[in-house]
Amino acid sequence: MSSLALRARKVSARQPILLILLTLLFVLAVRQPEFYDPASLLAFLKRAAPLVILAAGQYFVIVAGDFDLSVGSLVTAEVVIAARLIDGDPSMTWPVIAIMIGFGLVVGLANGLITTLLHVPSFITTLGMYLILVGAVYTWTGGSPRGALTEQFRMLGRNSIGIVPYAVLILACVATIALLLMRSDFGKTLLATGDNPRTARLSGVPVVRARVIAFILSAVFAAVAAILLGGFGGVSFQVGAGLEFSAITAVVLGGVALGGGRGTVTAAMLGALTLEVLFTLLNVLGVSGALKSAVQGLIIIAAVAIGARRSRS
Amino acid sequence: MLQLRGVGKSFLGVQVLQDVDLELAAGEVHAVVGENGAGKSTLMKIASGVYHPDAGTVRWLGRDVSFRDPRQAQAAGIGIIHQEFNLLADRTVAQNVFLGREPLRRGLVDTAAMNERTASLLASIGEESLSPQAIVGRLGVAQQQVTEIVKALSLDARMLIMDEPTAALADHEVELLYGLVRRLKARGMGILYVSHRLKEVFDLTDRITVLKDGRRVTTVDTSSITADGLVRHMVGRELSHYYPPKSAEAGQERLTLQGAGNNRLHDISLALHAGQVLGICGLQGSGRSALARAIFGVDAFTRGNVHLDGASIRLSSPRQAIRAGIAYITEDRKAEGLTAQQSVLDNAMLATRALSPRWFATAGRTLKARELLAAVEVHAASEEQEVRYLSGGNQQKVILARWLALTPRVLLFDEPTRGIDVGAKAAIHDLIRKLASEGAAVLMISSDLPELLGMSDRLAVMRDGRIAGELPGTADEETVMRLATGASS
Amino acid sequence: MKISTALTAVVVTAMLFAAAGCASDVPTTTQSGDPKGAGTGEQSKFFVQADYDREIALRTMTAQGPADKPWEQALDPKTVDTTKYKKAGPYHLCFSNAGVGNPWRQVGIKNMQAEVKLHPEIKTFTVADAESKDDKQISDITDLLGKGCDALIVSPNTTATLTPAVEQACAKVPVIVFDRGVNTKCPVTFINPIGGYAFGATGAEFLNEKVKAGGKILALRILPGVDVLETRWSAAKVAFDKSQLNVVGVEFTDGDPAKTKTIVTNYIQRFGNIDGIWMDAGATAVAAAEAFEDAGKPVPPLVGEDQQDFLKMWQDKKLTAISPTYPTFQWRTPVIAALKILNGEAVPSPWKLPQPTITQANLSQYVQPNMPPLHYAMCGCTTLPGYPETWGGK
Amino acid sequence: MKLREHGVWGALGLTLIVGGILVYADGGSLFTQSSTVSLLQRAAGLGIVAIGQTLAILAGSLDLSVAYVISLTSLIAAETMDGSSGMIVPAIIAVLGVSAGIGLLNGLLITKLKINAFIATLGVGLLIKGYLEQGYAGPAGSVPTSFQRLGYDRIGPVPLSVLLMLAVAGVAWIVLNRTRFGHHLIAVGGDLDVARLSGVRTDWVLIRTHIICSVCAGIAGLYLASRLGAGAPRVGSEGGYDLESIAAVVLGGTVLAGGRGGVTGTVGGVALLAAIDGIFNQLAVDPFFKQVVRGVVIVAAVAIYAMSLRRKAPGKVATA
């Protein structure tokens, strides 16, 4: 028992986010035991999946020392593009999904190249990309989404195999990929790049390539999130609104330092999960939607303040 | 004006300064010379209020003083010009000079007065040509130095400590500095002048204090001593340190440079042999590090030829150099050697991972990294410990392990033992020799002349971006110093 | 380390206290004895009893004008004389639009542009788009006034904040306001359909009829503070408070389908099931219905609007539903009114347009599979030039 | 660095000429009094916020809470006045007090708790947003006609609001160039260590900078209240004043990392954004397409600045 407690303390010392998450889950267990029914737990994971995926994507960029503010508008753009291209034709489902991933790749590549080769701060690059994507997709569709998504497409975000939603399976895949990437040599060199780009370069790390890949990962993960969100809720222009800040909040909540080189992708994803559990809990507690942003603000300030104190002591 | 009596200082039980006396008179330029580790910088820091002496007294203008911090010393009239300038690149000379003490008129900064006062300070040292409104970032190094000096003057400094003031200056700029120092002296300013370059010392100073191993060897009038005599005072320390035996014979030529150069290096021709350590000595700013960086492709050569094991190569990035089998242990560990927040193991594996990235960690490579860490005797709480918490010596060993994993053919060591304790130093020396004996060609840069002499099979001496001469590993310190300082010419 | 542990401890403790503290409060909110008004909260401060009464009355009146052209009809018209504005053509018509940031306004602006094309006497039609910014719309109006417009049509972004700018404009040209109103009587006429009270009441009454007494109703609103939407909710609230229905929640969705689905799913989870959905706009109706499908429950009676995606779902899945409309054909009327005014003809002021409701009975005539999912069926645009391509159909 | 200081004005001139020709070809005129007035008026609100943001960015910081501060202060102004002229002065005092308080909070979080400015101000923004959403359903309060004159009066073609913006810009210019605080602010943004070693109290400088930045947002809130005649809980966020003010600042040549730039550039950046707005308005270009152009302009401008900066490679202080 004492060794278990010791272990728990060790884990929570390394990842305080886990402590916060467990506490929230405990409170949720007291207030709403039904939450732990397998079905509703899976439904929760299904809803949380897009943000967790976005947080994982954002993590790559942040840990390499940059920002990606364009993911929210990219999600919107992807969903709207998908609806217009598929236009209700089932045979178009898979080709369009491939196009979505490809489009994410191109956007990430553009973000990465502008940031690294033109030396534009990523804050500005991705802010510009945000404006461009929103504007372009509205212009292209004449201001209102056209076409329709097919059932096959929507299935990925809506339906389940047995009781396990596709979204949860996709989340599991993406999380596995993210974990493997960060355990792989690429992940380690990415961390080194964010930590100290000069050392990384002098040790043979292709720094520009690593940063560009981080942007591509963020954008491709956003494309995957778009597939899930489009499937879950259907086409709308609101689908991606504000997701960039939610993703950054989640990553920071997970103890990942802005500026790079510090934090794990697991913690970033746990941060996203914590945020979703928090919102569920607020809903259960009957806290009005309006106060959610205030709670979000408090949590993020507190989490970062604690993190800042830890790294100094 | 300044009198140090019997000053002593120790860090962690190591006596760095012991019973040092120093006097500086108004209008005097007083050189402080000595080898690396002789205690010059500690002495300067005591004079400028950074450190408190453990023993002895500091008298300033006839009164015993004990400065809390450099700002208090500044206020009392002691200015210091560091090697690294404390200037804002985007601001004007006047704005930099008066930063933190801007003159006010009716509550607003009086720009006119600020410029005027800067101009008159500049005029007072004969630097009328420098505009107070020039942007510092666009000035040459010499003019930036002038700005620093004026900043000190604006604080009514009555004495100035100049730490290696010519290190970053080009030749013609050095001449300008000479004039400036002479004018300051004429105004009655006392100047403590720390320099390696004996030519300057003889050109400029009135008296010279020689430090060795934390003690004052002598203080002499400059006119009463020759360069040879001075060098003899500075060196001659007993080899308190054991160095591994040198290589008997040179192996094949590994890396050869023929007439190589770039904007800082000129006409470099050198050969590194397998099994040998080539020591590069030279003063700061002589191009030692630039040479290593050029070979490693950081600031690549733009002229000349480079051959590696007989094949002509052109390296334009570190990555290419590493692929070719070259490793570079940088001078500034913190800024260029470590990823401080990553673990010991991750730091040790960084180059391996960067060069041949794998999807899955293979046990073999990790095992190899562990073996290397053990072989170089890194002492860490665990391999997962963040490398920033390690001592300097252990950090350097981790970096060594990083490169050893690639079994490089050529190793470039830039100040490999700077800031490292004696025990770790010996271990690193042994390692360097072992690597050479296993067939690597080693280039070693060090400011610590005895170390370089103890380690090198051959020596190349650099001055002003050129090879001033090559010497056998058995050369004595005086010969090297003469060549490096230009005292012999 | 110690400080951080302490801080973490404080945060965690605070959360635990929050949970414990709230534990005693919750029953009072969900199980309070009085079903009436319990879940619907306080009445909106936008609620005006007289306006409410008038709209409820207008619902049963017959409109005057051509029956096949509801955009030219008017309810209970009181006309104003406009001879002082009479002017010879051709005309320069100006329009200050609040924005085109949602599909409803997209359909609307296309209706208006097509209507303009029907009238050769309109030589120039200048549109300034305020991008949903009050501040920009105020500037836009100033700007338009300098362009020699013969009449100005305004669709205000918000009521209170646009009033001063509209007053300024009234002094120079005849002003026609439509959709949202302004707090001034200076425009020549104000055009809108019956209004939000009628919309909201129609939906609530339908639920009252279809859902058994004591049934759990979830009300979904887009966002607070928009008068058009506030009136819809306040009328529904009045209806619910009078009924035996139990409104278990009122939530804001931001018009976001994903958010809507999450909210509805949460409610299904929390209350076992929901027996009826009321909403103040149909953009999220499909998402709300899907939440029930995904939870494996039958879709309860619900209120939507006239978007094609919902109408199609209604038809395909045989839902029990109703669609009050806020017809986009009203975007045609301001152009017609402007021409009448410039012609010196009397116009109704205010100009109340009819507000048809789509029910099971007339559903089939509004389902148009060739149109985009977010096209509004009640557009009165099928005979306009460029239909259906201009509206994104095929 | 001529380009960085004057580039934005050159771009503005070019935009106006090209835009003017395009509009003329389209049969309109860009420089009629009414369109100029409306262009200037639009620029005023953003300009005031962006000037405050300039100071924050120059000091190496950033403020993402301004949009919500604007909304909040517009409400405080309108509700305090509540239609009565006598309450104008108390309302102004209340607005300045509250916004200064928020700026103080931002500054304290950044300096004392060592929270990254991005996170600290985002968090504070969310707190205010929560308060607004909880407390307000829609526009509230009302502004007396006498106060509305601030938003509508003009002297010739120049609206009062533009004079207000120019006044704020003038004050900011004086603060930056003629006060010790301003010199210290730029030093803090340029190199924190150099500033500290020169005896600058860096924390206090950052705190004061954030107070000023928030107060500027408060002034913009006052202006918008006068313009709208009421307080509006979403006017700041709908207007996108947070990101747009940052865009205007970098467009004006101020470096995001701090220490380099100034308010004149920002005024130019705001004018350029307004000019693009105005031209597209006259040409009745799809507002969505305008977004695209804006995004491209911002990224391109910063890329050009970065390029010229590297080509000339100034701004290095030597180390031995």
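As written, the chains take the letters A, B, C and D, and residue 1 is the first residue of each chain.
Throughout what follows, a residue touches a chain if its C-beta (ideal position, glycine included) is under 8 Å from a C-beta of that chain, and two chains touch if they have at least 3 such contacts.
Note that the structure is predicted; figures quoted are calculated from it, not measured.
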(message) Show me the overlap between the contact partners of subunit B and those of subunit C.
(response) A, D
(request) Select, from B-D and A-D, the pair of chains that is joined by more C-beta pairs in contact. (result) A-D
(request) Please report how many Å separate the Cα centroid of subunit B from that of subunit D, as a whole number. (result) 46
(request) Return the distance between the CA-based centres of subunit C and subunit D, expressed in whole Å. (result) 34
(message) Between subunit A and subunit B, what distance separates the C-alpha centroids? Give it in angstrom.
(response) 46
(request) Identify all positions of subunit D at which a residue touches two or more other chains, and write them in rising order. (result) 133
(message) Could you pull out the residues of subunit A that touch at least 2 other chains?
(response) 143, 289-290, 305, 309
(request) Two or more other chains in contact with one residue: find those residues in subunit B. (result) none
(message) Following the definition at the start, I'd like every touching pair of chains, please.
(response) A-B, A-C, A-D, B-D, C-D
(request) Sort out for me which residues of subunit D touch subunit B in the complex. (result) 174, 177-180, 182-184, 186-187, 190-191, 193-195, 197-200, 259-260, 314-320
(message) Touching residues of subunit B toward subunit A in the complex: what are they?
(response) 296, 298, 318-319, 322-323, 328, 330, 335-342, 346, 349-361, 402
(message) Could you list, by residue number, the parts of subunit B that touch subunit D in their complex?
(response) 71, 83-91, 95, 99-102, 104, 107-109, 111, 135-138, 141, 144, 164, 167-168, 284-285
(request) Using the touch definition up top, name the residues of subunit D that touch subunit A in the complex. (result) 109, 113-116, 118-120, 122-127, 129-131, 133-134, 243, 246-247, 250, 256-257, 286, 288-296, 298-299, 302-303, 306-307, 310
(request) Spell out the part of subunit D that touches subunit C in their complex, as residue ranges. (result) 28, 32-35, 37-39, 41-42, 45, 133, 136-139, 142, 148, 151-152, 224, 227-230, 232-235, 238-239, 281, 284, 287
